[in-house]
């Protein structure tokens, strides 16, 4: 579990020199699936297996378990299974084991990446709902609502549970928080992949762009709009006359 | 629980003639919150209380419980509480009771309406993720993924559980289903309210519009685009020469 | 030409008392078309005609002409035609007269309202393009590009011309402008009408919402997103432990 | 002017073998700017200059002129200028020459690519407006409106002119056209570049995705939505009971 990109790349390079034919490298970080595929190709020539494991669950995973999406060759994953069985939450009657073999190398991180895209969309959906409550004529209790929605509503989810905790912790108005939303690479990669494959992702992309907006990355476009308005309204003309 | 709009309106009118000063009418359907507020105002003059109850849980609610979002005057809801206690799932240590008093008349249906807007956004977020899997170079097992995501992932939710069931029932490719998504009034009302209050809802609106697109409601716009492309490409000019 | 809403309403009320059966009131402001229709209905009972005229062209209209979209009964508009002929730019061989009778009362302001919705979408399209230039590895000259696009490109338009002027006036980086975009009612009404009629307007709505974002109206949603990220990342847990 | 991708690549390869040190290859097609940059780097080693020229104007360009956005080294473009002067529309007092040097290699095609992204947004903005007219209670004459908007309105543009022609040619209801909108690579590349650079493009992306939707590329997502609705509504449960 090393940060994606160069750190992973360098670690894999170092490891590849130390390990032997038939050994397996497991990337449990957040690598891009295309990097996995490129790495696996190179390592295969040295007889080394490469397995990509996408993990979801956040810091709560330690307490409540987290799931693992695994990509790689069958034989390597068979050998790895006992370790995954220990790390994952124990099998559940309804939903099965806490880890799954998704397909060939890259598919583990790919499924995890799309998972994060979905996460962006879900988070923004809740955020918009509470944003509407904040502007409402009713004085609503956000924590109470998020807890109530956990009691059988269609939108009950772990994120809804986290929303309840967040409003309890930060207060109904989230006064201490800045209205800025960071993002890591996975939402971005999901949208890039969709655009390239020509699959429309209106909701996930809107969620990603809204994060960019909160980071001030739409500011120049806003200035252009303001400048155009000034042009066809009276203000600019006045300035031109003055100038 | 009567369909929203005229049927509810007529039923309330009839009931109002039969009941007495101090009685309470409970609208457990999907009325628009502004209709609730108008009705409550009229009924108040006759001494009749009006309570709006938004319910979420779908048909599974009978088995697993459903939650109720309640709006109305304190006294009326206090009197109604024993009934709500019986209908709702029993209190839960973490999330509290299965029904909640949101605020004055209209607030129950208002919170339920926004809940549905969130639901649209969440559903479309999952739908886009699985849409990307369908176009993927990997041959992914959607039911397996949805089940796995229930085992500790950030996107675990009741809708994710339903997705797992749906893929099991309908197959990985959902071959028997038409790519058309119906919508009832509540997503629409959520967006109307947001636009009027000037609150941006990019994700919920994208989900609503995507449903409209699947219903063919964007077809004329598509024809205009196609006509414009034909105009500046060679095809149309050829037709003009022929005509 | 009176501001839409109450001022127009009061002026029409006053005028209606002063004028006679068969006279015509012309609303050349930006009234909502449904207000026009309601007013026309009341005035008709007094034998007074009501004509709505939507005007587009901005302050440059005085110099270069502006067009008028007119709604109302045939007879009233026939009588009004000589005045419209004088106000509008003179007929043009290719595109005809500078004013047009769109249909019954309300249709003039309706067509003008949708015109403004389109305007929002076009402005944001240019704004996004120049926003991308600003983030580009190339050092591009926005004024030069906007002027060049006027020389035969597919995106040549009056707004493109205004963009060229704006970049000349304000500089390539629009340094003196705030990244905040105001909006009047007409874009909002366009989206409300579309949502109610179930017609998808993804581009016009995205342009409207982007303006709302620049006004800080998405800030609460951003805080909810930030709070959720803090919940499943490590930070919040640490705070809970401290608390 | 060769189609982008392999055909251009092969033609450049062939040409490079035939021409001499100090010669210049001009790519007047629609290559991706990153391909230009890679090609220029290779050719530079052979002493060959590479100039990329993006052209906009459609088939009407022959009649009314078209503009050229040019990227490449100063010396090569200086030598090329007389040819560009002849091809481009003659200089215009207000907007200058009909071609422009944007910057180093790649910048010509880059500016042209973003131009096409803007074009997508503008086209969809008009398309949505006319889509709303089509659903209107008024019986509006689209050709008449598009012509009228050319007489001084804020949305006057060449695309508006084409819309007027298209409605004249195809009729108010565009009955003969299929509601399917094709797209070439440039809108897609614009969005990919924006996502990678983290610049929000809500309008241009919505226009691109709407084209994908019309091509049926959102159908699987629609099926997932339909399947989820069936799950929490009564229908699916009935089927489960039957099964």
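Each chain gets a letter, A, B, C and D, in the order it is written, and its residues are counted from 1.
Everything that follows uses one rule, which is that contacts are C-beta pairs under 8 Å (C-beta built on N, C-alpha and C of every residue); 3 or more make two chains touch, one makes a residue touch a chain.
The model shown is predicted, which means the values in this text are computed figures rather than measured ones.
With chains reduced to the mean position of their C-alpha atoms, the one farthest from chain A is C. Shared residue numbers account for over half of those found at the interface formed by chain A and chain C, and the copies are therefore classed as meeting with the same residues.
By number of C-beta pairs in contact, C-D leads over the other of C-D and B-C.
With centres defined as mean CA coordinates, chain C is found 30 Å away from chain B. Centroids built from CA atoms put chain C at 37 Å from chain A.
Measuring from the averaged C-alpha position of chain C to that of chain D gives a distance of 25 Å. With touch defined as above, residues shared between interfaces to two or more other chains in chain D number as follows: 58, 124, 126, 128, 131, 135, 154, 159, 198-202, 206, 209-210, 213, 217-218, 221, 232. Taken in their complex, chain C has these residues touching chain D: 56-58, 61, 64-67, 69, 71, 88-89, 92, 94-100, 102-104, 106-107, 110-111, 114-122, 124-126, 128-129, 131-133, 135-136, 138-141, 144-145, 147-161, 164, 190, 193-194, 197-204, 206-207, 209-210. Chain contact summary for the complex, chain A toward chain C: residues 58-60, 123-124, 126-128, 130-131, 134-135, 159, 162-163, 165-167, 169-170, 174, 177-182, 202, 206, 210-211, 213-214, 216-234, 236-237, 239-240, 243.
Residue ranges of chain D in contact with chain A, taken from their complex: 154, 188, 191-192, 195-196, 198-202, 205-206, 208-210, 212-213, 215, 217-218, 221, 232.
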